[in-house]
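In order of appearance the chains are A, B, C and D, and numbering begins at 1 in each one.
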Amino acid sequence: MNVDYEVIRNKAIDLLEQRGVKLIDIAKITLEIQKQYYDNLTIDECLDHVNNVLNKREVLNAVLTGVTIDVLAEQGHIEEPLKSLLMNDYSLYGIDEVLAYSIVNVYGSIGLTNFGYIDKLKVGIIGEVDKLGKTPNRCNTFLDDIVGAIAAAAASRIAHTR
Amino acid sequence: MNVDYEVIRNKAIDLLEQRGVKLIDIAKITLEIQKQYYDNLTIDECLDHVNNVLNKREVLNAVLTGVTIDVLAEQGHIEEPLKSLLMNDYSLYGIDEVLAYSIVNVYGSIGLTNFGYIDKLKVGIIGEVDKLGKTPNRCNTFLDDIVGAIAAAAASRIAHTR
Amino acid sequence: MNVDYEVIRNKAIDLLEQRGVKLIDIAKITLEIQKQYYDNLTIDECLDHVNNVLNKREVLNAVLTGVTIDVLAEQGHIEEPLKSLLMNDYSLYGIDEVLAYSIVNVYGSIGLTNFGYIDKLKVGIIGEVDKLGKTPNRCNTFLDDIVGAIAAAAASRIAHTR
Amino acid sequence: MNVDYEVIRNKAIDLLEQRGVKLIDIAKITLEIQKQYYDNLTIDECLDHVNNVLNKREVLNAVLTGVTIDVLAEQGHIEEPLKSLLMNDYSLYGIDEVLAYSIVNVYGSIGLTNFGYIDKLKVGIIGEVDKLGKTPNRCNTFLDDIVGAIAAAAASRIAHTR
């Protein structure tokens, strides 16, 4: 099978934007959690790392898959009882964290801590994504974890490359 | 949110049957890979372990999610380029293995070996599932990994309880 | 091989105590991060969950292994360059998080968030463990992650059983 | 902390050789399991991929840690009951698979299948490592999984780059 990952990358970034998340929003999360460790860290550098995370195939496949599930849940294409688990972001569902972990782990286990912290405190855009997901007929069950995971992976990449 | 896991369990088992996999088929895989280690291991005992694996919430959520994606891909509800990745069971997609890993790991890391072996050799029903998934308009991208993962988890459970 | 997990359990708890961590200290972390979600959660209930986490074989094996590495590093039995990575709790080492993840994951992926949060904020005894690990000739590289992972796993267990 | 990964890399390769495993032995495993998919795959290309896997920090840290535990168990520096779990390569220990997974996963979840297959069939040098580990006073509990994991990661790298 002939796969063009430039197409997949563009689609993944489009999907994130359609769901209200720009790459700069993700870069802001990375900056927020890393600026205390690096005096001269800039938003441009963080954005560069986010862009690099989004060159990884497993990351792109996780983004496509997770956001697609959110959208299909909203569109009514998913049957019960999975529909309700998704529409309510049920805390014991866990598959959103499973996908997030596959993203974070691209730069090794050191990203786990940052992911957990971002997810718990709903840093930056994640707070908005989460709130929007709680309105009727909206589903951001995967989106918030995916965004947090990309931000955490970018933070790991900074640690590996600086 | 009030969730009845008996409903989820029944739905997961129904979905597997609709896709052509009975629990006894999964138990047969477990027996096949474990009989050399336990002289007196029976198909009934294996089936009992498979049933117990399917009491775990994370397993049920992974089954519902994975099989639902397969079905939605067949029904044409998933957009390109994800659609093609799924319909062709693209070898670098990887999210099917991510979900499978979340199932296998329910009984710890010792299940990894059995999962890999089952998946590589397409033991039992997995060979049929895989072949069927290669026919036009059919998608078993998640199903084969999910079935292998349940069988491997059941094997781990045998090792833990005997 | 005949293995008595009661012996292993007792040894793991002894090792934690020798390194300055009582089970009640771990229960306090669990209470701290979960009390906002459950009005009537008590320290006794948290301790009960911590005790149950320590009935899991993979958890006990991870505790024994991680703490043993810390001790052997202090005793000078580990050669360079691994010795320095351990004695300095090198941020890109990562194997401490790998072991922690194997503990957290015993109750599924939902524990990742709590682990990350605990680890980042160094909740409760973890702050002390971490500070002590930074004194000369002391190594708590694995201990702090292991303690945080047990506390996070106990929090997941509460979510699953309440 | 100033860490020279060239030093760590050399030490990891030295340790593997001291334990009886040359990189060419690992490359042979990769070739064995991948030659059916790529007509023109050579041992030199496989060796190149093995060398690249051993440029990854998390891989090197896992190799150093795992092999060091094996050696310390043989030298009598590890106390009971962990000593016996290690010296007997106890099947429910699981921490060896945990470390192996952290290696395999460096190139994503697609490596799981190959790892499981290699580990189950004890392909190539792994059979020898495993047999040697069963002789008195020898411990290869981590070594066999680590070698299998590097070979599986190299196979994933081939799939990603070809």
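Going forward, a residue touches a chain if its C-beta (ideal position, glycine included) is under 8 Å from a C-beta of that chain, and two chains touch if they have at least 3 such contacts.
Everything quoted here is computed from the prediction, not taken from an experiment.
Participant: Where centres are the averaged C-alpha coordinates, which chain has the largest centre distance to chain A?
Facilitator: D
Participant: For the pairs B-C and A-B, output the one whose chains share more C-beta pairs in contact.
Facilitator: Output for the comparison: A-B.
Participant: So the centre of each chain is just the mean of its C-alpha atoms; given that, what is the distance between chain A and chain B in Å?
Facilitator: Here the centre of chain B sits 26 Å away from the centre of chain A.
Participant: With centres defined as the mean C-alpha position, give me the chain B-chain C separation in Å.
Facilitator: 31
Participant: Of all residues in chain C, which are in touch with two or more distinct other chains?
Facilitator: Counting only residues that touch two or more other chains, chain C contributes 57-58, 91-92, 94-95, 98, 102, 108-109, 160.
Participant: So in the complex, which bits of chain A are touching chain C?
Facilitator: Interface residues on chain A, with respect to chain C: 91-92, 94-95, 97-98, 100-101, 108-110, 112-121, 159-160.
Participant: Which residues of chain C touch chain D once you look at their complex with the stated criterion?
Facilitator: Within the complex, chain C touches chain D at residues 1, 3-4, 7-8, 11, 57-58, 61-62, 64-65, 68-69, 72, 75, 77-82, 84-85, 88, 90-95, 98-99, 102.
Participant: Enumerate the contact residues on chain A facing chain D in the complex.
Facilitator: 57-58, 102, 105-106, 108-109, 160
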